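Common to both upcoming complexes is subunit A, partnered first by subunit B, then by subunit C.
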Partner chain A sequence: MEQTSTQTGDQGLEKSVARLTPDQIAKTLGEILKSEGGARLKAYVKTCMSCGLCADACHFYLSHENDPRFSPAGKVKQTIAPLLKKKGAVDPEFIKRAALVAFTQCNLCKRCVMYCPFGVDVAWLMLFVRRLCSRLGVVPQYIQDTAHSHSVTKNQMWVKEDEWIDTVFWQEEEAAEEVPGLTIPLEREGADIMYSVIAPEPKFRAQLIYQAAVMFHAAGVSWTMPATPGWDNSDMAMYTGENEIMGRLKRAHFEAAMRLRVKRIVMGECGHALRSVHDMGNRWLGWKTPPVPVTHAIEFYWELLESGKIRVAKKLKTPVTLHDPCNVARGLGLHEKARDVMAALCEDFVEMHPNREYNICCGAGGGVINCGPPHKAERLAASSAKAKQLFDARTRGARTIIAPCHNCHGGLEDIVEHHHLGMDLKFLGDVIYECMEKPWKKDEEEQGR
Partner chain B sequence: MTKAYVFAAGPLLWVSVIVFAAGCLLRLGRLAWLARKKDRPVYAYMSAHYALRSIGRWLVPMGTESMRKHPVTTVVSFAFHAAVVLVPLFLFAHVLLFYEAFGISWWTLPEEAAYAGTLVVLAGLVYFFARRLIRPEVRYLSGPADFALLVLVALPFATGLWAFHHGPGVRVVMLLHVLSGEALLAAIPFTKLSHMFLFPFLRGYMGSEFGSVRHARDW
Partner chain C sequence: MDWEPGKKSVAEPSAWSQALLVELAVSPDGERLAAVLREEGSARVVVNGEPWETSFDKAWYLRFSPDGRLTALVNADMKWTVAVDGKPWEAAFGFAWNTLFSRAGDVMAACVQDNGRYLAAVDGKPWKQGFFDLSDLVLSAEGGRTAAVVQAKALAEGDVFAFDQGAFAVAVDGKPWDNTFVNCWTPVFSPDASSVAAQVRTSPREYTVAVDGKPWEQGFACVWEPRFSPADGSVTVPARTPKGWALVRDGRPLWDKTFAQVLSHEYSPDGSRVAAVVAPSFGKWTVAVDGRPWRARFDQAVFDLCFSPDSGRVAATVRHRGKWTLACDGTTWDESFDMVGPPVFSPDGSRLAARVRRGDTWTVFVDGKPAGDAYARAFDPVFNDDGVRVLVRGISARGLYFRQVVAL
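Let's turn to the complex of A and B:
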């Protein structure tokens, strides 16, 4: 078994580990254990029968030719299990390895939880390791920077308040050229829904805001977006283990919705944001379920199509396949609704196998892609299981992959390129925008005549 | 020898039963208390409906994706676990001892079934031992304690079989049988054998989280 190098070139790991002392590690672990990591931590670590049945649930294990170090239980063995056994008496090099394992070799996708007879939640354990590493300052630099941005600006991408407003106005202007009378209503109190997105949308994919505005306009949705911090629903602090920041972000998000007196929050096509808003952030704030009802884009599209508020003019002809993101399928069981939406929009749908809850991870989620360029090669080295699954769908005809999640998009784009799969990627919103009936076009044509 | 046997089958048996019962209760109680202190979601999300849904699924042979992927291990595991619980509880000789001591008795296994069950337990343990050695993903996870645990479980069954056949040195073997059985019982709360009583809680919690929060299957 060849030993993987721990030379990462990642300053967030190298420099901070060089500063670390063994005393600090034991002390910090002790501090965390005082208030966190109670029954679940003990029960998970001690009940694992080391049967290895979790192994082939993990795409890291499968892609690394069944190297046991990449099995979920193997990652526990290299991180939290010895940490607890030795009560934190480990050397800094151990922490660096543990950080590498927890941050870059686990997408927290929870697929293994479904294959463990006891339901040992390895994703939860890896998050615990990340939290310890974060307290010790040993975090990959890129994702740490993202968490810093969250802490300072309450959004993921250092977007300033005026830049956000400016981007929305810009998209409104563009969209109004296509759709006469369209507005993107910022700060409209009393609207039915608050639409929230992740910061990469205004930063890199502003057309998604444009498309959403066109959809909502056509469907006659009463909607708004906040002009204040809280517009961003994303949360990388959840993945660095900085739960305190996660709490501040979710509070700002929910409070923006309450201030705007909306009936519910509708979120864009993002997986990890759903996990943060629907599952983890609300928990941290003491809410069993989110204080403002939350609807993911998939579900909202489903409503719009079911109720006939959006009609399909022409179905997509290209054969498509659907990638079920962990956080919306295994995270909220939206896979059937996603298929309903696909059926309404696409003529030729090819299932990839396995699918639904059992789908294989994109390799980018859980903050792994956010660890940035120093870890990209390692991420792609763990992509062959996914590439095989995609290639299989391609041999059965699929040319376009629909992935209703931003991180999955990033991850799958890299995999498609790396393995020369020759497929393209779309959001569900892209397809709806392309295929929907646009009543104003008819008006234009009539006027033109 | 007789004295030792009487001691082992008398006071020592009581000790092992008490250690087993109290140990299980203490560990469960401690975990329940820890969960209240540090894992609030456990109580918030625990749902009888989803817990039982998940536990039920995982008690059906081939009921889960994981089991279907490993058919041999699944068959061996189910047969082993059924036998390892049923044989000691319903063995005629054990029930008879209980009847002689307390005047209480219950249904017993036919001799052939008990015999077959014992063989299933031993064969299962050989399988698990071999699996730990041969499968790289399992060997990587296995430490001396994992192998020792298999031997600990094997001892009372192997000695029981020996005694049944009246093999040489049956008196010593009987003493060993009683002692190893007691050691096994007492070890349950403090080793990984505790999965015996923790299974419903772990599975139940994960079933609840998947059911009520994630609206997804966990099998």
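Let's turn to the complex of A and C:
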């Protein structure tokens, strides 16, 4: 069995662990275990029978030739189980190893939960380990920096307030060149929806804001975006275990929507943000359900197509496959609506196997890709199960992968490149923008005639 | 201000121009409707059909100040500034945003960025010193002072260890506190503007309040926005304690009860009472006044907490079973809506109004009953001094702007 190194090259782990003392670990973890390690933690750890049924569900285990250390139960045995047994009295090297396992060897994808006869939620346990590590200051550097950005700017990419507004203006200007009369309405109080995105959109993928604006304009949607913090729905603090920052982010997001008096929030194509908005962040704050209803882009596209507000002018001819993001499929069951959208837009759809709630994670989720370059090689070493699934779809003709999630894009792009799969990636929004009827084009053509 | 009951059509913006109308604002007295019109790469602000003398490359964020002056954020020659009644501030910047007004509207401030430095400008005069970043700008009630969270020290990209040492402070009138913190949030002025309190993170895992740069000795797992008591100048903050969320005054619990959550809190204008949005248990929301929660519970949200000007009543917007309405002193209006605007009390506190939305129409409701006509868009109601008349400002489905005074 190959030995896993704990030399990470990650200063967030190495330097932080070097500063720890056993006393400090025992004190901090003892406090957290006492205050936050309730019945759920004990029930999960005590219920696990080590039956191993979870193992085959895990792409880390499958990609590492069934090495039991990478099985979900194996990860529990290397982290929280001994930690509980020793009541937090573990050494710094143990903490580093536990951080490495919890932050970089588990995507928190919850696929294993579906195979556990007792419903033990290993993702929740790994998040708890991350929480413990975070309280000790042991967090991979890149994702910690992202969480710091959240704490300062309330977005994940250090986008300053003027940069956000300016980017929206820029996209509005670009889109208005294509579509006469188009606006991106910032701060329009009383609109039907607040559209929220994640910070990589203004930072790297501004065309997605452009495309959304074109779609909403064509569909006659009454919408707005906040000019204040709260426009970013993403949340890496949820994945570093900084629940207090997570709560702060979600409060800003929902209070922006309440201040703007919108009926609901529509969020862009992101998976983890949905988990934060719909499940974890809202609940940490005490909101059982989101205080303002939240609609994921998949559902919203489905509504626009189903109602005829967006009409399809031509279908995409390239054979496509669909990657079901964990948080929107296993998390919220949006996989059938995603297929309805695909059916409306694509001529040649090749189903990936397994699919829907059984789909295999892209390997980027759970903040793993956000742990950055020091862990990329290890992430790709755990990608063969996903690559096999993609390759199978490719052999049956698929050339384009549609993935309605930002982190999935990052993970799948790396896998496609690493395994030389020769496939490209699109968001659903890319396809809608490409295939939708654009009435202004017809007007232009008629005028040209 | 004209309080004669009746309804009049003030403006029809669609008749003003063929240009694209991108934004609207209504004056506090309801006599003027302003719009940003955009065409051929320029933006023009128009008030009751009369354009400002100067047009701009861009204009947005139309806001009437409480004293009735009209402001917009405007861009010309690649520079941004604030224009007031058509006249731009003399100073222009790389960017300007978030216009703020003093209570009377006589002083205006905005966040500005110039050459990568971030600062505030008050009535066109920028702070002497700029920072790496700036957020959470506030203007004191009388307008004499400004405060904001600033990044006072440089941070190399990804330097998580330097971040933990603290690079953020509150700058008051451009001068940063001597102490820096891991984070600072939501500074607030004392009623006499002599002090500033803010949420701070003193270490990555400890939160507290700092007053004029000095943190409380007591640390907490989390805190929200602090407030100064108008009565005695003490500072209160919702804080997460080992027993639950509590309202804490000057570092010590103020109320004997703790909650699953305490969000925003507000003082009565006379400082004799304090109210907070609280969750007595998970998913159950209400308002607690002086530590005593209302009996009513709301399953989704409580927002817009406010006291009446006479300090006698407390109101909030509430969302329950998918519908919004208003609650006041523990009693909700009989009807519920798709959306409600913030509560507006009459000056003596005897009446309560808000605009409400059903389907695509907005109506003003006073004490739970409709007042005036339904509109496609309505603005917040305004009471006259003795609270017997309410001003309704709305835009009809045909795009006509009406000013309507309703006798109550």
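By definition in this document, the second predicted complex is superposed on the first by the 449 of 449 C-alpha atoms of A that agree within 3 Å, B and C clash if a C-alpha of one lies under 4 Å from a C-alpha of the other, contacts with A are read in each partner's own complex, and residues count from 1 in each chain.
By our rule, a residue touches a chain if its C-beta (ideal position, glycine included) is under 8 Å from a C-beta of that chain, and two chains touch if they have at least 3 such contacts.
Keep in mind that what you see is a predicted model, and the values were worked out from it rather than measured.
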{"item": "Fit-or-clash call for subunit B and subunit C when the two complexes are aligned on subunit A", "value": "fit"}
{"item": "Touching partner for A:K288 - first (subunit B), second (subunit C), both, neither", "value": "both"}
{"item": "Contacts of A:S35 with subunit B and subunit C, given as first, second, both or neither", "value": "both"}
{"item": "Touched partner set for A:K15, first subunit B, second subunit C, both or neither", "value": "second"}
{"item": "Touching partner for A:D162 - first (subunit B), second (subunit C), both, neither", "value": "second"}
{"item": "Which of subunit B and subunit C A:I401 touches, first, second, both or neither", "value": "neither"}
{"item": "Contacts of A:A102 with subunit B and subunit C, given as first, second, both or neither", "value": "neither"}
{"item": "Subunit B versus subunit C as contact partner of A:G333, first or second or both or neither", "value": "first"}
{"item": "First, second, both or neither for A:L53, with subunit B first and subunit C second", "value": "first"}
{"item": "Subunit B versus subunit C as contact partner of A:Q144, first or second or both or neither", "value": "second"}
{"item": "Distance in angstrom between the closest Cα atoms of subunit C and subunit B, superposition on A", "value": "7"}
{"item": "Subunit C-contacting residues of subunit A that also contact subunit B", "value": "35, 283, 288"}
{"item": "Interface residues, subunit A side, partner subunit B - complex", "value": "35-40, 42-44, 46-53, 55-57, 61, 66, 68-69, 71, 73-74, 77, 113-121, 278-279, 283, 288, 329-334, 357-358"}
{"item": "For the subunit A and subunit C complex, residues of the former touching the latter", "value": "11-12, 15, 35, 135, 137, 139, 141-142, 144-145, 148, 151-153, 160-162, 165-166, 169, 181, 183, 185-188, 190, 227-229, 244, 247-248, 251, 254-255, 258, 261-263, 283, 285-289, 291-293"}
{"item": "In the complex, subunit B residues that touch subunit A", "value": "31-32, 34-35, 37-39, 41-42, 44-45, 54, 58, 64-66, 69-70, 73, 135-143, 146, 192, 194-195, 198-199, 201-203, 205-207, 210, 213-219"}
{"item": "Complex interface listing, subunit C residues touching subunit A", "value": "20, 22-23, 58, 60-61, 94-95, 97-98, 111, 113, 118, 133, 135, 151, 157-161, 163-164, 168, 182-183, 185, 201, 204-205, 207, 221-222, 240, 242, 260-261, 263, 279, 282-283, 285, 299-301, 303-304, 317, 319, 322, 338-341, 357, 362, 377"}
